[in-house]
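The following pair of complexes shares a single chain, subunit A, combined with subunit B in the former and subunit C in the latter.
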Partner chain A sequence: MSHIQVNAIEKSFADTKVLQGVQLDIRGGEFLTLVGPSGCGKSTLLRIIAGLERQTSGDVVIAGRNVNGVRASERDLAMVFQSYALYPHLTVRDNMMTPLRLRDLSKAQRTPLVGRYLPGSKKKLAGIRETVEETADILKIRELLARKPGQLSGGQRQRAALGRAMVRRPVAFLMDEPLSNLDAALRVHMRAELTDLHRRLQATFVYVTHDQAEALTMSSRVAVMMDGRILQLDTPMAVYADPVSRRVAEFIGSPKINILPGRLDSAGRVTVLGHSMARRITDAAAQSVSVGIRPEHLIDVPTDSDAAEYVGVVRRLEHLGSDLYIHASLSDGQEMLIIRSDPDAAARYSYGDPITIAQVKGAALIFDDKGDRLRTAPKKESAGDDALEVA
Partner chain B sequence: MAPRSTGYWFTAPALTLMAIILLLPVLIAAGLSFTDYSLGNQSANWVGAENYEKIVSRSTYQKMFTASIIYVLVVVPVSVVLGLGAALLINSLSFGGDLYKTIFFLPVMAALLAMAIVWEFALHNSVGIVNEMFQAGCGTIIEWVFNWGWIPFVDGSQTWYGRNCASQEFPLWLRDRNYALATICFIGIWQAFGFNMVLYLAGLTSIPRELLQAAEMDGAKSAWERFRLVIWPMLGPTTVFVVTITSIRSFQVFDTIEALTQGGPSKSTYVMMYAIYEKAIQQNLMGIGAAITIVFLGFVLVITFMQRYLVERRVHYS
Partner chain C sequence: MNRIHYLGESWKHLILILGSMIVILPFYVMVSFSLKSPGQIERNEGGFFGTENSMVDERCVKLREPDRNAIAAARDRFEGLDDTQIYRALLAEIETDCSMHPIVYNYSKAFSEAPLLRYLMNGVIVTVSIFVIQVIVALPCAYALAKLRFRGRGFVFGMVIFCLLIPVHAIALPLYIMLAKVGLTNTYAALIIPWTISVFGIFLMRQFFMTVPDDLIDAARMDGMSEFWIVWKVMLPTAIPALLAFAIFSVVAHWNDYFWPRIVVTGNRDLFTPPLGLREFKGDADGSFFGPMMATATIIVMPLIVAFLLAQRRFIEGITLSGMK
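Our next item is the complex of A and B:
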């Protein structure tokens, strides 16, 4: 358990700048997820931390030691690859023994054929075997130790790769999209297992993924990366509920946040499709803005309701069992809204039906024309806040 | 439901072609090997196993086996190791790899017969560049280095280079039975290793990069460790193929022998392929030629089965 500092890392491949001054402080023992769309540089950053790639400029400091000139094999980190990268010709046991063998046995003791008969080898090998078996017990793969990777399923390979990373008790675990080769059900299951494992090992995990569900469910903190920059680094809930920019808001959350065009006047009042919002923006000039509203903050209401705010036509119903997402086009334009509703609503709507929509008060996120978040003035405490009201 | 015979009808064209093109000639050769048939004769006499007895008993054929086996045992390991070494070195280059690839692959592309003429000139005992080079080195630092006299307990004047310099006589590479086979082996290696190198280069590119990175993360610091942990096992299938193909090609060596030594001197380079050619084509002794061919096929079969049963079991195919 150790903390990792990434200072002003830049990385260029030929003319393209992949990382543009990334600053990151990974606390010891935390589960930090780097999440972003493909090509945002998250894997490159992880590989720079690992030492598999050299940064163009900047420093990586692991446990207080600057490791810029230190090669990957000497950084004492473990990595789990997307393809697992298990040695296909070795059994799971040998795969897991490899890192320990390379660390604990001397060069002479590693010589093929004769090495194991040298003094000290036997005892060390026995120790290594024991460690491997203990680790295998934690991961529940003891009965797989004699098999080769080719004879394992995706999930079992995943575990074997984790085992190989764990045996050495490294300073930190680096994981490069380790779940993306698994099927959906197994992925959800492995999410829980990884969280468990993190709690049990109390080790530092740096996890790269493009899947926001993984980022939100497992991490202590999430770093949202785009275009080689970290846009926001915060707890999963903060990143979801309080995004710093429109791009973060759009990337995190599924289905995507609804974005409506709005207008901010000099009085700080935001108008969206003819409706003014209750909250004021105090410290920004008049400009056109985007208003983001999460699907769960939109509610379909009876046509004659006072709360009715937007009127639209149902275009698509997305039934997920526990939730129903209604895709509606607004009558006054091209705008589409996604509304989360309870499954019972499916009975009330079908394609082409009119729908009236209300918004949960105070939930809208407002972004300026550059996409940065505009903060609203602090709300007044009132009983009505929790209730459904006209925003 | 189609009748049971449909499947046979579908495979019939392939089976027929295979029988006519592959199996029939072998069977005819096998039949001829028990006769004294010559091309142009109306008939042939059944001589039983006489041809095979000759192969086993006559010293000519024993020399033939010796030459063939020595050639294979020298050329295969050396060209495979050199090919692997060259491939690893080229693979580690950041630039210039293509140039080396082209140069090393040239002997494979060039017609060996044409190259043999170049070698014949190069190895000529008086005007050849090889002996001229050795001669020019005599009395200079080159002699001092390569007569190994600088190694303790080695008498420089008694080593190969020292003695040859003293007598001012260098071997007739292709006309001396002590050197001829070694020279032919050298040319064989020169020709084969570029091919093996290309096969190994292809094998190297198919090694997943993540596997090498995993080895690095696991603490494999030296190139040797990465080689042992990842590269060599992953090249297993390539190695099996390279060894098999080089063995078979070495057994088939013919053009260098025909162009440079014609099996001589005193049958020291009388390899099987050349023997078949000499007996069956030049001397029109089809019977004995066919018998050698069958023995030759036997060798190739043995190599193939060795590949199948001894090696494949220990090689990992992903």
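Our next item is the complex of A and C:
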């Protein structure tokens, strides 16, 4: 359990710059998730931390030690791969024993056939065996120890791979999309197990995923990565509710945040589709802006309601059991809105019906034309009521 | 519908059967000859197995033909017979002595006429050494070409492909001269060394290693394995199917090779490989040695056929390179 610092890491493959100055401070014992769209460089960053890839420039510091020139195996990290990467010809037990054998036995003791008869090997091997069995008990795979990876289900392979990573008691676990080969139900289950495991081991976890649900549910902190940069590093709730830019807001949240075009005048007032927003933007020039509103901040209201702000036509109903998402096209343009509603609303609407929509006051996020977040002046009556800076 | 389907299938099978017959026919003749007597081989009768239960070994008779001394010595046994009669009686005895079942004749001749066991052992020594060294060379090369990133990798691989195009016969002479210069002709080394670097093996294993996921190698690195150990502890075990396919190619090629041993082994019969052993029968004046010759041929190919049948499934897996998921 120790912290890992990533300082101004850059990485280029031939001409393409994959990482552009990544700065990341991973606290000891935290569960940090790197999340971002495919190809943004998450795996590359993780592999650089692991020592499997060399950075073009920058430093990796693990527990105060600069490990730039240190081999992967000597960084005392363990990695879990998306494809599990278990040795196909070895049993689960041998798979899990391999890292310990390589670390604890001397070269002579590792020689095939004779090695195990050398002085000291027997005791060490017994110790290794015991560690493996303890770990197998934690992961509940003891009865699978004698099997080969080919004879295991995906979830069992995943556990075996975790076991191989755990036996060494590394300072940190690096995981590259370890759940993405599992089916949906198992993925949700393993999410819970990984969280438990993290609590139990008290170790540092660095977890790469492009699945935001995994990022939001498991992590202590989330780093949102795009185009080789970390855009935001914060707790899952903060990243969701208080994104620093439009791209982060669009990436985190499912269904996607609604984005409407708006106009900011010199007085700091934002106008969206003819409606002025209650709160003002502090010090910003007049420009066109985008206004982001999450589906849960839109409410469908009776036609005659005073609150009605937008009028649209129902295009699609998405029933998820607990929630109903209404996709509506606004009558004054091409804009589509997604509204979260309760399932009962399904009875009220069908395709082509008109719908009037209100917006929860103070929930909109304003972004300037470059996509950066524009802060609003806190509302006087509710200052300190919540930390969310909303329009 | 179904009938048309069957018709289509049967055409395929007919063609395949015809093809396999063309391939099998020489083997059929070889095995059949090794079971028959010289007379039946010459007269082309007796079916596959031959019908004679015993035959007389002409050479054996000729060698033991009774001379004057023998006749004199036998006078006691054949009282009252003149010399010609004694001669005939002795000859009859010798003929029964020298007669045996054709199979016994052919196969015992195969072993007695030439030191076939020695040749077989030479064959084993040469092919096994070649294969083992080829693997020792090819695996690290293939690993580097498939999985390591270094400057000039594309060029090196291009050279490997290029070398695939060079026929061995084209470089046989320079190779021979080099071996002769260092005084290695007529040694096992001459039979083995030229084949130890198999570009085909490097190419085949490289193609196979390309299909091994990078994650597996990275996992091994994280576990603390050196590149050397990765080759032998991770790549080798996963490459068994491909290695088996390569083993068959390599062993068949060098077990059956006549050309190269013929060039570098000149005279020293102790170094003869099985195909060179076959030549022993060629020079025979009376030309009636087809039986033993074919018996020898049968013995020579038998280990390969048995090995192939045992490894058949994995061999096909290896060729299609689908052995590992």
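Going forward, the second predicted complex is superposed on the first by the 381 of 391 C-alpha atoms of A that agree within 3 Å, B and C clash if a C-alpha of one lies under 4 Å from a C-alpha of the other, contacts with A are read in each partner's own complex, and residues count from 1 in each chain.
Quick note on the criterion: contacts are C-beta pairs under 8 Å (C-beta built on N, C-alpha and C of every residue); 3 or more make two chains touch, one makes a residue touch a chain.
The model shown is predicted, which means the values in this text are computed figures rather than measured ones.
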* Asked: For the three-chain model obtained by superposing on subunit A, do subunit B and subunit C clash or fit?
  -> clash
* Where does A:Tyr87 make contact in the superposed view: on subunit B (first), on subunit C (second), on both, or on neither? -> both
* To do: Quick one: classify A:Val114 as touching subunit B (first), subunit C (second), both or neither.
  => neither
* To do: Go through the superposed model and pick first if A:Ala267 touches only subunit B, second if only subunit C, both, or neither.
  => neither
* Is A:Met237 contacted by the first partner subunit B, the second partner subunit C, both or neither? -> neither
* Asked: Can you pull the subunit A residues that subunit B and subunit C both touch?
  -> 50, 52, 71-74, 77-79, 81-83, 85-90, 98-99, 102-103, 150, 164
* Note which residues of subunit B are touching subunit A in the complex, please. => 208, 210-211, 213-221, 225, 228-230, 233-234, 236, 316, 318
* Structure fact -> Counting only contacts in the complex, subunit C reaches subunit A at residues 213, 215-216, 218-225, 234, 237-238, 240, 324-325
* Structure fact -> Touching subunit C in the complex, subunit A uses residues 47, 50, 52, 71-74, 77-79, 81-90, 98-99, 102-103, 150, 164
* Structure fact -> Contacts from subunit A onto subunit B in the complex sit at residues 50-52, 71-74, 77-79, 81-83, 85-90, 98-99, 102-103, 110, 112, 148, 150, 164, 168
